[in-house]
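See the structures that follow.
In what comes next, chain A is part of two complexes: it sits with chain B in the first one and with chain C in the second one.
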Partner chain A sequence: METENKNVQANRFPWSQVIGFLLSILLTFAAVWVGKITDLSYSQIAIIVFAIAFIQAAVQLFMFMHVTEGEQGKWQLGKMFSAAFFAIVIVAGSVWVMNSMH
Partner chain B sequence: MENTNKLNTNVPLEYQTETGKLNILGFWIFLGAEVALFSTLYAAYFALKDGVMEGPLPIDVFDFNYTIIMTIVLLTSSFTSGLAIHEMRRNNIKAMVVWLVITLLFGAGFLYMEIAEFIHLVHSGATLGTNALWSSFYLLTGTHGVHVAIGIVWITLIIFQALKRGLTPDTAKKVFVSSLYWHFLDFVWIFVFTGVYLLGMVK
Partner chain C sequence: MVEFIKDNLILNDPMIVGANISILLTVIVLVFVLTYFKKWKWLWTEWITTVDHKRIGIMYIISALLMLFRGGVDALLMRAQLTVPNASFLSSQHYNEIFTTHGTIMILFMAMPFLLGLMNVVVPLQIGARDVAFPYLNNLSFWSFFFGAILFNISFVFGGSPDAGWTNYAPLAIEGSPGPGINYYLLGLQVSGIGTLLTGINFIVTIIKMRAPGMTLLRMPMFSWTTLITSFIIVFAFPILTVTLAMMTFDRLFGTHFFTLTAGGNPMLWANFFWLWGHPEVYIVVLPAFGIFSEVIATFSRKTLFGHKSMIISLVVISGLSFLVWVHHFYTMGGSANVNNIFSITTMAIAIPTGIKIFNWLGTLYKARIQFTAAMMWALAFIPTFVIGGVTGVMLGMAAADFQYHNTYFLIAHFHYTLIAGVVFACFAGFVYWYPKMFGHKMNEPIGKWAFWFFTIGFNVCFLPQFLLGFAGMPRRVYTYLPEDGWTALNVVSTIGAVGMGIGFVIIVYNVYYSLRHSKMETTGDSWNGRTLEWATATAVPPHYNFPVTPVVKDVDAFWQMKQEGTANKKDIEYEPIHMPNNTGTPFVMSIFFFIAGFGLVFEIWWMAILGIAGSFGCMIFRSLRSHVYDKGYYVSVEEIKRLEQPFHKEA
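Entry: the complex of A and B
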């Protein structure tokens, strides 16, 4: 069977969850630090904290939800990539249209 | 009902039946649709957030430390939900239920904090009808909060069923899918926290 259930071995310490949890806390505070402590411009802060948010979302997907797991792992991952594409188009597109196209 | 003659005992319970496998794939597709739902609400907030003719600004009424605690609470519940699945795959239903109950307690704590925050905001003059910013704010955070509330009820029912029937391919699939849902709530909150609260506090 090549089901690629890397994270499925039983009787093992849940490393991926623990590391994911610590990474998420670290990234949350990194974003807070960039937003509250540094004195970068608003747009620089926005780019950095959104980059951190996407990394955190990936941590959630890969280390908690194990998106690539199971026989359909490739489809699950593909679905999430297409969803990310829709999200960026909807959000960035709406903001662009509402702020600079009228 | 279940296609039990196709059991493959090398994989976790929830993946053992054809139904289980398809339900899990279908749930990922549902999550893709949920991404689109939250994207539209998120887009509305970002398109309207400068629509502040009157009413308080986020920076005046947000209590940022409080929001960080909410974020950590929800993140911890996502973590414990992952631990519940880990225990489920070790066939340890007791530990699974304990972690699920802890998950729900953190979820309820998050919901309590969010409602308390809304009450605080309304008292500070930021209501649903104040202006475009606050309308889209309540729509976005409220939709997320409703998802958390639904998740709490749903997972509670699944815990009862799992205790009653034990861990079967069917109940394991339900626990697994509900844990995907729960992780997804934190996934959405990451962006709400970053875009609404954190950037709302930047001058």
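Entry: the complex of A and C
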């Protein structure tokens, strides 16, 4: 199954990789620009850089690491989304619960 | 060294001295028997190093039964102490230790290994696989669980048991409990947690990758489904426990301040993290139990499980919700109204998918020709008893009402109604049901029914009064009470029930012995006229490769469909050599090093801890260097397969 994918990939121009490459460079420079050149407040910078980082991670996963391809694609996506969901529940939930104790 | 042993060996309590002596005698007898019958090599090659999922499952179940005995003795000691007011059978410290070990052992070293054992025996067979995906890891899982359990269990004869409750709340567990007790809790759970996490990963991969051809996810039997979902919960929940235990270990051993009262620590954070793992843990034990009941009810109703798809959907919903309700264990800790409201709603929402399951079981039973076997009786008793547990759970889930119920015997009764009716009944049902698959003969049915009646009646007599005791205001975790409290009569009744449960357990153990002596050997693989693939093997105890030819699945009840079609147990099959994995001794050695590391950390003997950790890393390196040899495995020849596929062949 994996070999099939590779063959399909080899036969045509790797557009997704090129776009992913350009996007990665763009997003990296955007993060540098936001962090070094703009004069936003610290928390704003942190939020924007984090957002850019998550987009970049998604670009890497989808365009370079083939998470959706092959018979495992659905499982991988499902696991990643549920992992992200539970991570958010654990972190955000703990912060919320612990901060509303009195 | 001698000083160290003298300081920690507990000799001032007659009961513990008795336990010491009995442990010593048991070990001597075991060593003698093994040596006299020259069984050491057999033990090593056939069991300790085995990668056969069925044998690993049997070892899990034997350990779980031993732990059930230990936890049950704890329970009976507690009931003995509470029978009459002002009793002085146990001291308060001893009582604290006993309720702590009772809870921890029953959840982590009884319920989990029992279910993991049944999963190990059944799931690869049910999905038509030869073994689990990672047989080596499976062996490591068992041994790290086993040595974790031993580490936890030796606490009561050496150094003192943990005494802060199975929830181990800070700051009591940090600043309030000097001595090695809590360290035993932290390290014992840490070591056995490695095994549980590995099992979770193993079963996810096994079920996703190794199903027989034709077995789509929707055709997968319910027990395999619950195992899959449970494994997902394990993989998401157990890392929380690992990290939380590590944080408290650092607090106790290295002076950090995560959960301390002083220096900016937050004791409530422990409760938060503990229950972030703890609530999913409840579903880790109860979902496979639901799976067992589904199999047993379908088999003895002679019907396909009613609402197969809605069962799966409700499973998935329960697994998601299990991560969203943890605060209901500490409503009274002072959360805002918003927090308590939200978690009340998520908690009560769990009743919906669970209710769907209950109605599906009832739907399966409706108009069925029910066979009242011992396994089926456990399953039938489960439904009404578990509903009592579930309904009282909804009562406890309402935050406002919980301020009345919390920390009373009402809570105790509630969770015993869910965990005993849900999990223990399921363990017994599954044990009886799959017994011929493990040992080649059935358990004696009449004796099994006696055990059933003693246990279930005893259970209700024990725990129904505790609801009333809770209403009467009796708090949990008190070691005695006064005659003026007016709790005496109900406590006496409760203790009588506990004795009934104890008798039930003894009968079950006797039944194992009786059946070994007197039961007829099964002549086919299909002991109960079963519906799923584990019954499709030619022999009662499947050979180590399970199926000589991989079965092809066409329906939900794959084996039933084959029997209807007349394609089950075909003769004259062309066999081909089967590739199987090699046995392995490294996980056993690695787990001993885990044990040594854990023991060193418990008593803060640093050289021993470092030795243990280095040794376990050494085993990993050894495995990595030799994996090319191990991974080759070996082939079972066609002649061997033909010999093993004789229906009357008895597995050694």
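Following the convention adopted for this analysis, the second predicted complex is superposed on the first by the 73 of 102 C-alpha atoms of A that agree within 3 Å, B and C clash if a C-alpha of one lies under 4 Å from a C-alpha of the other, contacts with A are read in each partner's own complex, and residues count from 1 in each chain.
We take it that a residue touches a chain if its C-beta (ideal position, glycine included) is under 8 Å from a C-beta of that chain, and two chains touch if they have at least 3 such contacts.
Bear in mind the structure is a predicted one, so any value in this text is a computation, not a measurement.
In the superposition on chain A, contact of A:A30 is made with neither chain B nor chain C. Of the two partner chains placed by superposition, only chain C is touched by A:M101; chain B is not.
Of the two partner chains placed around the shared chain by superposition, neither chain B nor chain C is touched by A:I48.
A simple residue count on chain A separates chain B from chain C, and the partner touching more is B. Of the two partner chains placed by superposition, chain B and chain C are both touched by A:S82.
Residues 75, 82-83, 86, 90, 93-94, 97-98 of chain A contact both chain B in one complex and chain C in the other. By the touch criterion given at the top, residues 75, 82-83, 86, 89-90, 93-94, 96-98, 100-102 of chain A touch chain C in their complex. Those residues of chain A whose C-beta lies close enough to touch chain B in the complex are 1, 3, 5, 8, 10-11, 14, 17, 20-21, 24-25, 28, 31-32, 35-36, 42, 45-46, 49-50, 52-53, 56-57, 60-61, 64-65, 67, 70-72, 75-76, 79-80, 82-84, 86-87, 90-91, 93-95, 97-99. Against chain A, in their complex, chain C makes its touches with residues 208, 232, 236, 240, 266, 268-269, 272-273, 276, 323-324, 326-327, 333-336, 338-339.
Listed in rising order, the residues of chain B touching chain A in the complex are 8, 10-12, 15, 21, 24-25, 28-29, 31-32, 35-36, 38-40, 42-44, 46-48, 64, 68, 71-72, 75-76, 78-79, 81-83, 86, 89-91, 180, 183-184, 186-187, 190-191, 193-195, 198-199, 201-203.
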